[in-house]
Every structure is written in C-alpha cells, then in structure tokens.
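The next part holds the structures, each set out as structure tokens.
Next, two complexes with subunit A in common: one pairs it with subunit B, the other with subunit C.
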Partner chain A sequence: MGGFIFKRSLQSVFSLIALIVLVFFLARLTGSPADLYLPQDASPEVRFQFNERLGFNDPLYVQFGRFLVGLLHFDMGESLQFSRPAVDVVLNAFPTTLMLAAITMPIVIILSVITGSLAAFRPGGVFDRLASFISLIGASTPNFWVAIVGVLVFAVTFRILPTSGTGTPLHWVLPVAVLTLRPTGVLVQVVRTSMITALSSAYVKTAKARGVGSRAIIFVHALRNGLLPVITVASDQAAGIVNGAVIVETVFGFPGIGKLMIDSVMLRDFAVIQAAVLVTALAVFIINILVDITYALVDPRIRYS
Partner chain B sequence: MTIRTSIILGIATAALMTAGQVSAQPSKAVTIVLPAGPDRLDPCETPRSVIGRIIKQNVVETLVELDYANRTTLPRLADSWEQTSPTEWLFKLHPGITFHDGAPFDAKSVIYSIERTTDPALTCITRTKYFDGTDIKATEVDAHTVKFVTGKPIPILPTLLAQLAIASPNTPKGKYTAQPIGTGPYTFDTWTQGEKVVLKRNDAYWGAKPVIEQATYVWRSESSVAAAMVETGEADLAFSIAPQDATNPKTDKVYPNSDSAMFRLSVDIPPLNDVRVRKAINLAIDRKAFLGSIISPKAELATQQVGPSVLGFNPTLKPWDYDPEQAMALLAEAKAAGVKVDQEIRMVGRPAMFSNSNEFVEAAAEMLRGVGFNIKLENLEMSQWLEMANKPFSPQRKPNIFLTMHDNNSGDAAFTAFFKYHSNGRQSELHDPELDALIVNAGTQSGEQRAAEYNEVFRRIYQDIVSDVPLFYMVNYMRVGSRLDFTPTIANAVELQLAKLTLKP
Partner chain C sequence: MSDTPLLEIRNLSIHFPSSRGTVHVVSDVSWSVRKGETLAILGESGSGKSVSTSAILDLIDAPPAVISQGEILYQGRDLLKTPKDERRKINGKNISMIFQDPLAALNPVYPIGWQIAETLRVHGVDRQTAHARVIDLLTRVGIDDPERRAKQYPHQFSGGQRQRIMIASAIALEPDLLIADEPTSALDVTVQAQVLALLKQLQAESGMGLVLITHDLSVVEKVADRVVVMQNGRIVETGDAAAIMAAPQHPYTRKLLDAMPGRHGFTPQLAVTSADRPLLEVEHVSRVYGVAPGKLKPGNTGGVRAVDDASFVLRSGETLGIVGESGSGKSTLARMLLGLEAPTSGTIRFDGHDLNGMSAAQTYTVRRRMQFVFQDPTASLNPRMTVGQIVSEPFAIHPDVLPRSEWRGRAIELLERVGLTADHIDRHPHQFSGGQRQRIAIARALALQPEVIVCDEAVSALDVSIQAQVIDLLKTLRRDFGLSYIFIAHDLALVRDFATSVIVMYRGQIVEQGLTTQIYTNPQHDYTKRLLAASGDHLSSAA
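This part shows the complex of A and B:
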C-alpha cells in the first residue's frame, strides 16, 4: 500500500507541476491587472509604477522564475486584492468549503445508497419510479434556482431558517440542502443501476434460494459488490464541491474558495488564483488516494502491489 | 427521560436559540448589507465605494466634506480655509480632536496623511484618481494650521481634499492597513475575511454623539438575498438591490448613483465622422421606451456626461427626442453626399455594466437597424472592454458605438472633461484644439465662472460635435428596514454616514 501511495504521489507531482505552469501562463494571457486596479484615467506614470511595484514590467520568464523560487518556500506571492499573502487568503477560505463538503457528502452517500438500493430491489415498481423521478429532478434542477427559492420559502415566507450567512448551525441547513440535491440525484441513479446488476447475479439468487432476508441481500451481499462505481462517482462529486461550491457560496454569502477563485479570476489576482488552484488540486489528489484505498478495502480482489 | 428524548429536546432548544439569534438585533445596533465585501480597509482607498461606504466619515474623516445638493464643500475636520495665492492655501483645523488610538489630530497628522496617501509605494486610489500630477506639499504653520502648496493652481483643492481621509499618524507608511484608525464617530472593531466588518460607536467623538451604537457590515452579491435579509429583519439596510427585487414601495428607496450611461462614438472613422450620421443615431434610440421596462423608471434621461450634482453641468441641454423619420432623413442626406451609411458599425457592450445592459444593447441595436444602420453587436469582457475604451486606440478598429458608464461622484466636471474629451484624455475620441483650450481654461477657474466655462464645454460637445449618445442617469435601489428612518441621497453612492441613521420611535 505504501508503495502504491508513493507511486500515485509521484504521478500527481507531475500533474501538479503541469497545472501550475499552465495556470501561471494562462492567467497572464487574460489581461493586465493595472486595467482593473487603477482608475480608468490613471496616468501612464501611475500605471508604470503599479506594474513596477508588482513586478509585472519584468519579462514573463523572470516572473515565472520568481514564482518558482517563492513556491519552494511555500510563498505564493501577495494577493493584489487583499494585500496579504495569497496562501493566507486561500487557507482562510478553504475550511468553509471543506466543511461544506464534509457535511454534504455523507448525507449524499447515505441518502443515495438507501434510496438507490431500495429502488433497485424492484425495478419498475412504485418506489423505483418515484425515486427515479425525484432523483432526475434533483440532478437536473439548477442550484441557483433552488437556492433562491429555498430562501424565499424557508427564510422569507416561513421564517424558520436564516436567509444566508454562517453564524449558527441553522445557517448551514439551506446551503447543505441545496448542495446535496444534485449529487444525490446523480448518485441515486448510479447506485440503482449498479445494484440492479448486482441483484441479478448468481450469488444473490443463491442467497434468496437459501432464504436470506431481503434487507441482508440488499445491504450485505449486493451492496458491497455494487459499491465500486458508486465510490467513483461520489469521489467525483466530492471533488466538485472541494473545488468550490460557487453558486451556494455566492447566494448564501459563504466565504469559501469557489467564490474567492471566481472573484480572483475576474480581478486578475494571479497569486490567489495560483494558490487556490494548488490547494484545491492537492485536496483533489488526497481524495483520489483515499478513493483508491477505499477500492481496496471494499473489493479484496483489488491489490496495489 | 430517555436518551433519544433528551437528544431531540436538546436539538430543538439549540435550534430555537439559534433562530432567535438570527433575527434579533440589539436595539441600537444595525446590520448593513453591501453588494460586495471590502478587499482592504485602508483610509487611502475611501473613494472606492466598497471601502468608502464602510469607513468614510464613520471611522476616518476628511478635512472637507462634499455637499452634493448644493454643489459645494462644507467644513469637517477643517473649520475654515482660504486661498492665499493661486498655488497656496491655508486650512485651519478643528482643535481638541484625537484619533481613536489617542494620537492628537493636528497639522503634523494631516501632513503625515498627505505624505502617506501620495507615496508611490502604494497605489492608493485617492492619489491615482485625484492627486496624481498635483505636486502637493503640506507644511505646518502652527499646530492647527496647515499650508498647502501645489505645483500648479488648483482652484478646487477643497473638493480634492474631500476625497482624502485623515488617518492616525501611527498608520504604517508604504503598506496598506486593514485596521483603519481615524477621528470619526465609529471605531473599527473587527473584520472577518469573507464574512463581516464591525464598527463600534466612539463615545469620545468630538462631534455630536450618534444614535447607532454598533454597525455590522455583511455582503451578499445576490440581490434577492440582500433584499430578503432586510425583509426578514436579519439586516436593516441593503445598499444596492436590483430593480426587480425592489417590490416594496414602503422600504425600497431609489437614489441617483452618479453613474451616467452613454454611447461613445468613434468620430474619426467613417461613417461616424459625419455629424448627420451621429445625430441620426441619437434620434433613432427611443430612450423613454426603456424607462420602466429594462431600465428603472426612476432613471433620468441624460443630456451630458456629468449629472446635475456636478459643478459644470449644463442645465440648458435637453434630451434628444425620439424621431426615427428625421434620423432616416439625415441618413438619406448623408448618403446622397457620398457617406457610406450602410457600412457595418460595431456596437460594443459589456455584460453586467448595469442591470439588463445586455438586453439594452440588443434593443438599441435593433432600433438603429430599424432606421437603416448596419449594426454588429458585441459584448466584451471587462479587460477587453477596457482595452477598447482606452488609448492607444487600435489603428485597425472599425466604426464603433461604444457603451460606457461614467461615474463622477467628486462634484466637479474637471474629473470628466479632460479624461473624456481633451485631445490628451485617455478615453477621448476628440482632438479639437478649441475644445482643448476651453477645457484647460475652465479647469483654472473657480465658482460661477468655472461652472459657466464647463457649461460651454458641454454645450460644444453635445450640440456642435455630437460625439456621444447620452442615455441615462442611473439610480440604485436601497432597501431600508422598518426600524430605520433614513432616505438615501447621491452621497450614498460612495459613503453612508452612520451618524445620519436614526431609529424610528
């Protein structure tokens, strides 16, 4: 296992380096920050001073070299917006996003596994049709619409939840509910399909013939075998949230990394873009390693030698 | 009581307690919702609305305050001032004031703020927008008198100083601060990145004691959520909500935001180099049809780049009538004279320049096509738009009708006329020596003479040259909660003085 993790880490280092180089140069193709940070009537002298102070007058390869040297010290530069180290800005926002993902994903997985498994037990039955109908709605409804309707219904009309913000546990209810909707819709479909295949296999028929109960057949025998594709899709959904739940963060005023990244792209805050991409890429890399380990635990046939 | 019952009761109690916390506001504390959060809270950045609305005249004050209603200046930290020569001014400071950190407010602290703000080590907007090229020097005459010497005559120095916030001399030089220390009626308390800024009343304030004890600023970019926060009592005031969310006439108040929307025409490039064609464009757009449909019904038809609150605004200019027949006649006349009026013209917009700006340019393009123009519509992202807005203009550019939004909240036409219309102005399409001379001369005048000369500048631009298509003076909607007694004004485009908020009995 140790060897496998080392090998995967090594592969990921190459991916990370490629990503960093790409982000550095692509971000700089999008225009000069001076246009956005200075008044439109700023004089050429002021523009020169601005670019000089921030090193933007230097050739791109010099800027890149400076960036790499800083990176070796985990110094990603200073945020243009906040005049603070970019890493601090990103690490300040990232816990909120991680917390959103950490609360949302267990709910998504539990809901999907139970609903998808029960739907697969009698394909075409009433519960299956209902589950498919609701999960398709969940998977296809735009988050921003659900979020705004959620605010209008639960905060404005019934006054049982706050509109937005992060002050209390109740503030997390609507954002987590909205964030849960789409991944649950997708995952229910995956669990259902995977479980239908598992439930039609020979060992399930044998278990039925031996008089094993329905609950044990679904959740003990079939589910373990049907879990692999579910893990794959769930990890993909989790990575999506870790990358930033932009809509939810924007609507509910959550200070997460998604909104920070979008704002930084709009404002050409190169240091924050680079730091945010690096931090989220590392998080996605860790998720992938965890998923690989989970594969091995769930399916003993998989060995990482 | 079983464990399960205990857990359920515990959760219910916690939920009720937190619900109470959500909606309850301490009696003299207010929560204000801004459309965006601050990136820094430096006193030298107060002309930016995202910062000025929190700290200007609340935490940090200026020597002089703008009186938008009367287009003049009022004393604030300075009691009086006089111009002793074209390049020299004496400002008398109000005695007995201290900064929140205990440092005395005196001539030395004013000099320190001037030096810090104009230091090239920082890109303060107060310097880059207002003091660049002024070569301003401040010296101490006595503890409460400051002499300002400028490199060239600046008749509007008090107006400029209304933009310069005075910070404690303990504010670091050459480095932005996130903890502003001023002399204002409120002290900076906390700033939680991405969440909120809290100000507390300064009970040792030198002026009248304000009613509001604490202000918490939060930000929501989604307008419907900001409006909902006030409706549910979570907040008391939402600064800027979209017209479609301003559904309650009792709480939703409109105020001019000092922005003017306009099409700039590339007057050097055929067919727009023909004044008949430029007039035809003005006549072909039915501005009134937009009011109440995709532009707020409270917006006003613009007649020039600056609005009525700006010294230099020409009140004799009238909005263009909508007259498509006359537009077609002018186009026919130009065509007969050999102008290629059916040549393709680019109309350039920018998404989210204002509410429904995409829909606006689409409709405006269709109106122009209706009288015979060949319009190609494009929407550009911000940095592409800026590249096209600013000089140097591309030599290969095609004739264009370019949507702009100009904000002059400094109260004087000088901040518009040179930049937009002088040959050396960064966004000027014009190069008229006579107009240049008028602009330069107007800038050296003061008082009524200054206003009269700028009046002539704008008359020439809008009646003789017709280089623009004036559209609208825009407005914002503010939702004011039921606890507050407050009516917004144009000043709220860049600041909100908490001391002016009062609670209803």
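This part shows the complex of A and C:
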C-alpha cells in the first residue's frame, strides 16, 4: 500500500506541474491588472511604474521562472487585492470551504444510502417511486435558485435564519442545505441502481436461504458490494465542493475558496488564482488517494501493488 | 427410513404474468422426500425444476411470480401458509440449500468463516460457539488449515473448495433436508465426484433428506434413490432411480437417456492415417504469462505456464479432441491456434506456413481456412445484428469470395444446412434458443468453407438433448465437407463419441495423446485414469 501511495503521488506531481503552467499563462490572458487598479486616465508613466513594481514588465518566461523559484519556498507572491501574501489569503479561506464539504458530504452520503437502499428493496414500489421522483427534482433544480428562494423564505419572510455571512452555527444551515440537495439527488439514483444489482445477486439469495433477515441482507450483504460506484460518485461530488462551491458561497457571502477565486479572477489577482488552484488541486489529489484506499478496504479483491 | 415424508409438495402451480400472456413455470407438481432419502429432480433448462424448489425456501419473488395453488408440507405444516418470519427461522436451520455457482453464492467481501458463522448466529448460536463450530465444519468438509482459511475470502479458494464451504454453511445447523441446485454443474469432473461423495457421506452421518436438482443423468445414476423427471413445468415421470435409468417409460425420459453422451456402445470414429496431409502442426509450443514472447530461456521457472511444451499434429479429416479440466491450458492452446494469442516459444504451422512469422496478408488468407465456434453463443453473436448479417459478415471481411447480391441467398443455404429455415434470416439472436444460436454460430463458421473448425467447449452450455443434435450436425458436416475439427471439451463421454483422436491436458502439459480407442480402452497416464473413473463406469466398460 505504501508503494502504491508513492507511485500515485509521483504521477500526481506531473499533473500538478502541467496545471501550474496552464494556470499561470491562462490567468495572464485575462488582461493587465493595471487597467483595473489604476484610474482610467492614469499616465503611461504611472502604469509603467505599477507594472515595474509587480514585475509585469518582464518577459513572460522571466515572470514564470520567478514564480517557480518562489513556489519552491512556498511563496506564491503577493495578493493585489489584499496586499498580503497570496498563500495566507488562500489558507485563510480554504478551511471554510473544507468545513462546508465536511458537513455536507456525510449528510449527502447517509441520506442517499438509506433512501437508495430502501428504494432498491422493492423496485417499482411506492417508496421507490416517491424517492425517485424527489431525487430527480433534487438533482435537476438549479442551486442558485434554491439558494435565493431559501433566503427569501427562511431569512426574509420567517426571519429564522440569517441571510448571509458567517459567525453562528445558524449561518451554516442554508448553505449546507442548498449544497446537499443536488449531490443527494444524484447519489440516491446511483445507490438505488447498484443496490438493485446487489440485491438480485446469488449471494443475497443464498443469504435468504440461510435465514438471514431483510435488514442484514440490505445493509450487511448488499450494501458493501453496492458501495464501489457510490464511493466513486461521492468522491467526485466532494471534490466539486472542495474546488469551491462558487454559487452557494457567492449567494450567501460565504468567505470560502470558491468566492475567493471568482473575486480574484475578476480583479486579475494572479498570485491568488495560482495559489488557490494549487491548494485545491492538492486537496483533490488527497481525496483521490483516500478513495483508492477506501476501495481496498471495502472490497478485499482489490489489492494495489 | 420412516414412512411419513419429511417434505411433501402437493399440486404446486406457479406462473408469471407477462406481456405476452401468463407463463406457467410449474404446473401441478407433486413429490415428496423422506428422511435419509436422495430424490433427484431431473430436467433441462426451463423445465421448472429450480423454481419449484426455490418456493420451498420462499426464494421466488412473488410478485411478480404467483403461486396459484398447492401446498408445501414440512413436517405436516404448510409452508405457504406460514408467516414469512417463521419461514426464515426454518431456512438454514431445518431446510438448507446450496446452489450451482459457489463463487456467486458466497458474498465476495466477507471472509468465508464469517459467512458460515453468520448462518449459526442468525439462528441463535453465540459468537464463541459459532467460531468453534466453523472450524469443526470446515474440517469436516475437507478444508485444510481451517483456522487460517476461515479468515480468507471466497476468491482465494478453488471452485471445489468453494462448494465445500457452501456445504459447510448448509449443514451447520444439521438440517433435516438439504436441497442442492445443480451443485456440481460448475465444477470439473474429478471435483464433481468428490463433492457428490461428500454429500453422500454427510447424508449417511446425519440421515438428512437430500433433494438434488440436476440436468446431468450421470449424477442421477450415481447418487439418487428416486427420480422426478420434469419437462415444461410438469412431472412426466417419477419412480425408482435404477428402474428409470434401466427402463424409462415416458418418451421424454427415453430421449434424455438416449442423448446422454457415452450411453451407447463405443463405435470408434473412423481414424485418419499418417498418410493424410498434416493441416496443423504444433511443435513445442509454450505460453508463459509474465514472460515476453521469445524471451523464454530453458530452465526459466518464472511466470505462469498456461501451456507447457505442447506438440501435436492435426491431419486433414481428423477430429482431435482436447480434454482437460479448468486451468489445464486447453483454451489458451485454442487461442494460440486461432492467432488470438502468440506462443511464448515454439511454432504452429498451418499447411506448412508458420502462423507467427506470417505477414498480415498471409494471416488473412489462413483465417479464411480456419474458423471457430465458441462456448457461449449468446456472447459470441452480436445482439444487434440480424442472423442474416451475422452469417454473411465473413463475406464482408473477405469480399472476393462472393458478390454482395448473392450474400442473402448463400446465408439462407447455410442456415438450412445447419437445420434452420429461410425465415429465420431477419431475426435477432435473442429470438432463438441456446441450441439454435449455436447453429447460427456454426453457420457463420461454415460461410467461408474452412478446412478446420476449432470448437472451444462448443456444446458445453447446451442441454443434453440439444448437445446431441449439435454433435450430429457437426458429424454430418464432417462427412459432407471433409472438415477437420479441434474439439475442446471437459466432457469425456462427448469427446469419445465424436473425436478420432484425443489429447489429454493436465496443468498445461499434454499428458497423453493417441487414437480415441486407445485412450478410452487403455489409458496410460494416472490423470487420464482418474478422469475416466470420475466420469462414470459406463465409459470404460462400454468399450
């Protein structure tokens, strides 16, 4: 297993390098920060000095070289908008997003595993139809719309939840609820399908013949076999949230990494964009390793060498 | 043996409603089994034998299935009127069941010891006692080193061991009745014999009743006291096993017995002589997995030797049977003959040309002269193509053979040749039975008028009566077209009645080869003797 993690890490290093190069050059295609940070009638001398101070007058390859050298010291440059090191800015926002994912995903997984499993027990039954109907709505309703309606109903009309920002646990209720909706809708369908397959297997029939009860058949025999596709989809969704729940963070004014990235792109804050992409990429890489380890724990036939 | 039956089924009928009307799977079936008795339920696929026994353990999905009438009496109590919870308490404790494919029947993600212990625990045995019993049970069914093996997972055992584990789980609570649904069909012939012997031994020790569902007459012959013969959901004949085997009354039973390979006296197939032209020459061919082709050095013991130094010659007009159990390397050998896999060392020559040193153009020509029929016709026929398209696809690959305008006419000729009709041509494979599908595959193989057809377990998936028909077809084609066959099979009786010469493979090596007559009347190698013994006395004695 140790050898496997080492090999995977090595492979990821190459992907990370490609990503860094791509982000560095793509960000610079958006235009010059000088246009945004200086008054429209700023003189060419002022512009030149602004660019000179930030190093934007040097050829691109010099800028890139400087960026790489900085990277080795974990120095990703200074944020234009905050006038602080970009790494600090990103590491300040990231825990909020991580927290959001850490609260949302367990809720998503528990809800969809229970709902999907029960739906699969009697395909075509009343519970199955109801679950399929509701999960389809959940999977297909746009996030921003639910977020705005949620604010309108619970914050404006009933005044039981705050509209935006952070601070109290109550501030987390609406963002988490909105974030939960879509992944749950999708995952219920995945769980249902893979559980129907597992429940129609010969080992389930054998378990019935041995006198094993329905609950153990669903949650002990079928579930562990049906989990692999569920883990795949759930990890994808978790990576999506970690990458920045952009819409939810923006609507609820949540200071997470998604909001930070959007703001930084708008403000051409290259240093922050680069740092944010690198940190989220690292997080996604760690999630993938964890998923591979989980596969091996769930299914003894999977062994990495 | 007491007189009151242990389990009695009375007038059981089960049907499935479907869009094309009701399908009667089981119609008015009655049978009973006593303590210590072995009842065989014999029938081909679709005869309703599995459905009727699944009903005993509440294993059929109702709905959609409907049990329209009948009683299942266990110790005088009608199980069909018993609440589900109480039936579950009977399952595994009083009546238990084992299934055809032990790999599928064991849960892949739990250790086998845990699974056996679960049977004990759901019926109220505590954890410590259960563990001790598991070790004891594994020992009883012949699993070595049970303490260590109990912690392993199903994929770490062989097919025969898995079925032993299933049996251990089924007898864990010393049931009165064990239902075995095709318990040996997925196993090799020598392993089959061991598993049947184990079941008989356990039955002798505990006096349990045994219901054996099977399509295999040789299994009936070996272990059954009484037989129930089923066809299309009905019982057509029932009675004492020995009596039925000796003098079947119903025409269907007679047909089944008649179709049983090796049943008739041994009529040797006309052998070829060494004067006949060698078509296929295999010289010192090995296939070692984990070693690159050409890199095999003498004495190299690394890698898995799927085929180890095989040499033989197939002459024009010859039918060469290749016999062996799973893992013996016979399919790897076939794949190398077809050029689907390259040998690690050695040469294969077709009509004097080395198959491996060939240019793409030469290979293309050779392929035309050598065709194949695989085991599973459902998998080897493209479900989206019509039969006409399937049979004429070879003409599309070899466009110089036949102008497009004549494809359809030739396809119809080919279909009629294999016993199908012209109006089958626009149908799709799923509209045919297993036997018909294999006929379509044979028609496709014949399309280019090959000289050799390689049949890899071509009839193994078919019912015995269908098997006989397909073999008859292959024999007719052999006579009419002078075809040569390589006929790979695990069924010795089948090979005996069809092949002119035989190769016996064991662990990648050819352990014996010769004329069919020699091999079956005077086997030399120990393994051949074991194989012959395991597949029943009538094989060698009939000779």
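For the reader, a short list of remarks on this structure follows.
The rule is short, and it goes like this: the second predicted complex is superposed on the first by the 305 of 305 C-alpha atoms of A that agree within 3 Å, B and C clash if a C-alpha of one lies under 4 Å from a C-alpha of the other, contacts with A are read in each partner's own complex, and residues count from 1 in each chain.
Keep this in mind: a contact is a pair of C-beta atoms (placed from the backbone, for glycine too) under 8 Å apart; a residue touches a chain by one contact, two chains touch by 3 or more.
Computed from a predicted model, the values in this text were never measured in an experiment.
Partners subunit B and subunit C, once the complexes are superposed on subunit A, both fit on it without clashing.
Legend: residue contacts after superposition of the two complexes on their common chain; A:Val108 is shown touching neither subunit B nor subunit C.
Of the two partner chains placed around the shared chain by superposition, subunit B is the only one that A:Ile148 touches, whereas subunit C remains out of contact.
In the superposed three-chain model, the partner touching more residues of subunit A is B, compared with the other of subunit B and subunit C.
When the shared chain is aligned, no partner comes close enough to touch A:Ala119: not subunit B, not subunit C. By the touch criterion stated above, A:Arg210 is placed in contact with subunit C alone, subunit B being left untouched. Shared-chain residue A:His221: touches subunit C; no touch with subunit B.
No C-alpha atom of subunit B lies closer than 30 Å to one of subunit C in the superposed arrangement. Contacts from subunit A toward subunit B in the complex involve residues 30-32, 35-43, 45-46, 49-50, 53, 81-84, 89, 92-93, 96, 148, 151-152, 155-156, 159-171, 250-256, 259-260, 266, 268.
Listing the residues of subunit B that touch subunit A in their complex gives 14-15, 18-19, 21-23, 39-40, 120-121, 123, 125, 127-129, 132-133, 175-176, 178, 193-195, 218-222, 224-225, 228-229, 231-232, 234, 382-384, 386-387, 389-390, 415, 419, 425-427. Residue ranges on subunit C touching subunit A, taken from their complex, read 57-59, 88-93, 96-97, 99, 101, 104-110, 118-119, 122-123, 153, 155, 166, 169-170. The touching residues of subunit A, counted against subunit C in their complex, run 201-203, 205-213, 216, 221, 224-225, 298-301.
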